[in-house]
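Listed below are the structures to be examined.
Both complexes below contain chain A, partnered by chain B and then by chain C.
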Partner chain A sequence: MFQWFDERLEISRLYNKFLRKAFPVHHSFFLGEIALFAFVVLVLTGIFLTLNYEPSIREVNLPDGSTVPAAYASVLYIDSLPFGAVIRSVHHWSAHIMVAAVFLHLLRVLISGAYKKPRELNWLIGLGLLGLTIVTAFTGYALPYDNYAVTATRIGYGIGASIPFVGGAIAEIMFGGEFPGSTHSVPRLYSIHVLWLPLTLIALIGLHLLIMVKQKHTQPKYAEKVAPGKILGVPLYPQQSVMMGILFLVYLAVTVFIAGAFIAHPIEAFGPPTPQTPAVKPDWYFLWIYGILQVIPSEWQFRFFGAVIGPEFIGGVIVPGILGAVAALLPFVDVSKDKVRYLELPSEHPVRTSVTLGVLMFFIMSTLAGYKIDLNLSNAVLWTLILVVPVLTGVVSYILLKALYGRSWERSSAEPQAAD
Partner chain B sequence: MYRNDTVIPWFAILFAVALFWMSYLNGQHIAGLAGHTPEELSVGQIGLMAFGAVLFMYGFMGLMSNWLEGEELRPIRHFPEPSTAPMVAGIILVLLLTAMGGFYVRLLIYSAQTGHNPTHLQGGLFAVMALVIALLLATYKKFYEREEAVTEDEHSEVPW
Partner chain C sequence: MVMEDREEAMREADEKAMPTRRAVLQAALGTAAVATLLSSLYVGAGLIPRVTKTPENEPPQEGDILVYATGAKMNQPILTSDLAEGGPFQLAFPMDPKTKVIRNKEPKNTLLVLKQPPGSYDAKVAAHAAQGVVCYSAICTHLGCTVSLWDAAQKLMRCPCHGALYDPRQDRVVSGPAPQALAQLPIRLEGAQIVVAGAFLGPVGAQV
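Showing the complex of A and B:
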């Protein structure tokens, strides 16, 4: 059979050229693969959900006589199907896992210096993928149309609408009118969630992988001694493919187990939307923004060319925008003269590692501020935590790194660097 | 970072366990383990568990990669010698998978007939089946697959 196909399609040439591509072996590459498999599972489970979901808020009657939105009723129907609740839960958990995996993958690229020449473009695409992943997850959040999801989505709607000049247009494009209330919102969010954003994600993931294959992985440093100037790895087929197969199955095992044991968004517990607003918080990946919004005083408001710059815009758009801009500019500020071929050791780049830990602490402290009311913390305490603890973390990390690895920095700076 | 070590994967698994532990610090007991009760998790718990899941998978695969592929590659070919023990293990795993597959189908039929969805059992069974297939693949890779480390030129023609 192989010979029959080979004579017609020259498959052996494909094998020799593409399937023998060398894949370096290092555990840190699995983070990107986990993100990829989360996306694959999201698409597969999403296809099942679209077959049974009704994107509408028209009122329907349940067998118990209650009247609920059709979207809510269709999710109850999905949950009643054999294995249906688990598949919906896998979809929900995979969205969370993808956001976490993309973030950790980005963190790995950051602390190993893999964003530098020649991978600046892929770093920018990676940042875009993180943003798109979060937006895609957000647009899916309101689709079950339960009381919790509607209230949580309204926070995002408020942030989007607060952007001066273009906020109204963005909210109109994303929600098709006032949210909640407009009958166009759910169909609009549904279309964006299942079609436009996934298509964009597929295109960007494809581009990300294509550039990665062209530019090759950053290799673990020992490869410099074993095969200098070469890419050392295992062939894509069969060895790397088997490892990817094992990882995909492990992904399925872990996610389906968690999804079965912990139904992530049990809409029966929340009920259909009511005039009473439940005490909700946005999803965890927005919690740090929500925390900043909690500590910004409401009087921080001024006019700029006729537009109102309010706390929602400052906390929800300006602060994340500054962080995003800094991340985007990083490969053009922290430049490398030669191509980076090997994973840089975080211990040998103390400033970058310390700043990264400081930024991580900023996210953690801002997230903590999201629990301002629950923990009964004052604004003064939270501002101190948000501003001082990250700086302190960075300084202490630097001192510790210097104490532990200072001698190895001196040795490595004395060694001659390989030319490009 | 220097080589395909086991230190970071072990740390990731420990960290994952800590995150799962932390996600229950607010006193909420494990939802759904006794069946599908419509009990919600907080956003904080979901976030901790999502990071815990990623770190657990990463750590597990890191250890698996170290076991199957080693710490450092050397450009060499390795032809494994087939032996009986892994074959017996494989047969046992296949029998286990077959039995669980049958039970899984029975479970789906039960759910369809009664309208009762024991999600913890459905999810757990599916997870174990996926894990058994992963172990079968790992057994094949460790004991039967021909190993090869290759080098590629940095300016190769792949993909252009």
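Showing the complex of A and C:
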């Protein structure tokens, strides 16, 4: 039987060539896999949701006599199905987990120097995946069409529309007209959310993995000691596959438990849209932008060839845009002559490590600014926190790293490789 | 011998025709590319939806009366006697008094009305108020949330989204990220009913 297939499909060649690929074992290498698991779970639960979701805001009557948008009513219906609310909650929780896992995966690659030659391409694809994942989550957010989601999405519409010259058109195309209000919005967002972005994600994830297989992983440091110059790891089949299978089941068990215990986005509690907007906060991964928007004063507005450069554009587009651009340029600025084969230790690259910590602190401080009203903080205090604390964090980390590891830098700078 | 001459002649002719042939092919490719681009732009323009005007999404018209947008009395006329002097405000939609159509399909028609002591307004605002009652667009000029909170201590209107504070007496932004004041809607009173007396006095909605 095996032979019959093998003679026709050359399975053993595939096995030798591909399924024996060595996977280095390191706990931080599982972050990318967790992102992948989250995506698989999102696709599966998402398909379930599409079977009963109605992408429309036409008015329908509920049994209690109230009139609500059809999308809202259909999500109430999903929630009433056996395990319907749990599956929807798993979908929502997995969206959080996927964003978090992709971001942490990126941090891992960053502080271990794995973005350097020859892996620049996969670094760029990874950045694209992070962006697409966030946009996908954003387009799905409005679909239940409850008061909270509609308000949050409305703010996103405003930020998109604030881009000079082209913003209005981009926002109208993405949201199918003015959001909220246009009857085309929900069908448009729906198609983008369940079809176009998932297809693009699948294609990019595929490419990401193919390139990874071709270029091979960076090897953990221990591999250099155990077998210098050799590739060390467990084969994809069977060992790595079994590990991944187990990890996937663990992932599934944990998310279903969390999702069942804490139902995400309870639309019944938020209610259908009303003319009154609730005080909304965006999802956690947008909070830092939300915080920056809170502290930029309205005077930061100027004209540029007839277009208005306003605070929303500065806070919502320029600041994240600069961070994205710096990240995209990184592998072309921080170059290495030879192909990087081994993970670099964060302790041996103090500048990169301290700058990374500083940027993380910037995210944390801007997120804190998102609680400006709740914590009754003034703009002056928040600006100081946003600007000073990250710099301080970077400087202190550098000093600490130097105190702890400075001796080993001197030793390794005698050797040619560790220059940073 | 004759055969070879003919072959030679054909090859020469072929080589001479080469540049022309190439030019024709290039022109054909170029035309096809331009045609494809233009037609996909034409079809792609359909991604921006057409807006159909209906009475429900028209902006407030002169003569419309204001009705409650929320609460127990939703869709009933707001009476000046219902408004407490000194706030809070009420959210409202304009309603065509003849057809009873409420123009609530356009979020930018969300209005807020409130009553303050007539002397507290500055001249510009007072000109379009009626016996202490004023009406503004309720859509925050920042990113388009509904200005729906009343700061009773300072007697100011607050947007719940990023905290913009608006002063109803001088029609200005007190603090926060909003780039512009809320657009005032001129009103007059007919009995206890509040009637729209003209178009918005400024741009409505997020000013981005």
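Definition applied: the second predicted complex is superposed on the first by the 409 of 420 C-alpha atoms of A that agree within 3 Å, B and C clash if a C-alpha of one lies under 4 Å from a C-alpha of the other, contacts with A are read in each partner's own complex, and residues count from 1 in each chain.
The rule is simple: contacts are C-beta pairs under 8 Å (C-beta built on N, C-alpha and C of every residue); 3 or more make two chains touch, one makes a residue touch a chain.
Since the model is a prediction, treat every value here as computed from it, not as a measurement.
Contact with chain B, but none with chain C, is seen for A:L31 once the two complexes are overlaid on the shared chain.
In the superposition on chain A, A:P275 makes contact with chain C only, not with chain B. Legend: residue contacts after superposition of the two complexes on their common chain; A:P346 is shown touching chain B, with no touch to chain C. Here chain B and chain C are compared by how many residues of chain A each touches, and B touches more. In the overlay built on the shared chain, the residue A:L357 is in contact with neither chain B nor chain C.
In the superposed model, A:I386 makes contact with neither chain B nor chain C. When both complexes are overlaid on chain A, the residue A:Q301 reaches chain C alone and has no touch with chain B. In the superposed model, A:Y251 lies in contact with chain B only, and not with chain C.
Legend: residue contacts after superposition of the two complexes on their common chain; A:G84 is shown touching chain B, with no touch to chain C.
Chain A residues in contact with chain B (one complex) as well as with chain C (other complex) do not exist. Contacts from chain A toward chain B in the complex involve residues 17-18, 20-22, 24-28, 30-31, 34, 79-80, 82-86, 89, 93, 96-97, 99-101, 104, 112, 148, 210, 213-214, 216, 220-223, 226-227, 229-235, 238-239, 242-243, 245-247, 249-266, 268-270, 281-285, 287, 341, 343-346, 367, 371.
Contact residues on chain B toward chain A in their complex (touch as defined above): 1-5, 8-9, 30-33, 36, 38-44, 46-51, 53-58, 60-62, 64-66, 68-70, 72-75, 108-109, 111-112, 115, 117, 119-124, 126-128, 130-131, 133-134, 137-138, 140-141, 145, 147-154, 156-160. Per the touch definition, chain A reaches chain C in the complex via residues 151, 154-155, 157-159, 161-162, 167, 169, 172-173, 176-177, 180-182, 184, 274-280, 290, 293-294, 296-298, 301, 308, 310-313, 372-373.
Chain C contributes residues 47-49, 51, 57, 69-70, 91, 93, 104-108, 110, 138, 142-146, 148-149, 160-164, 173, 176-179, 206-208 to its touches with chain A in the complex.
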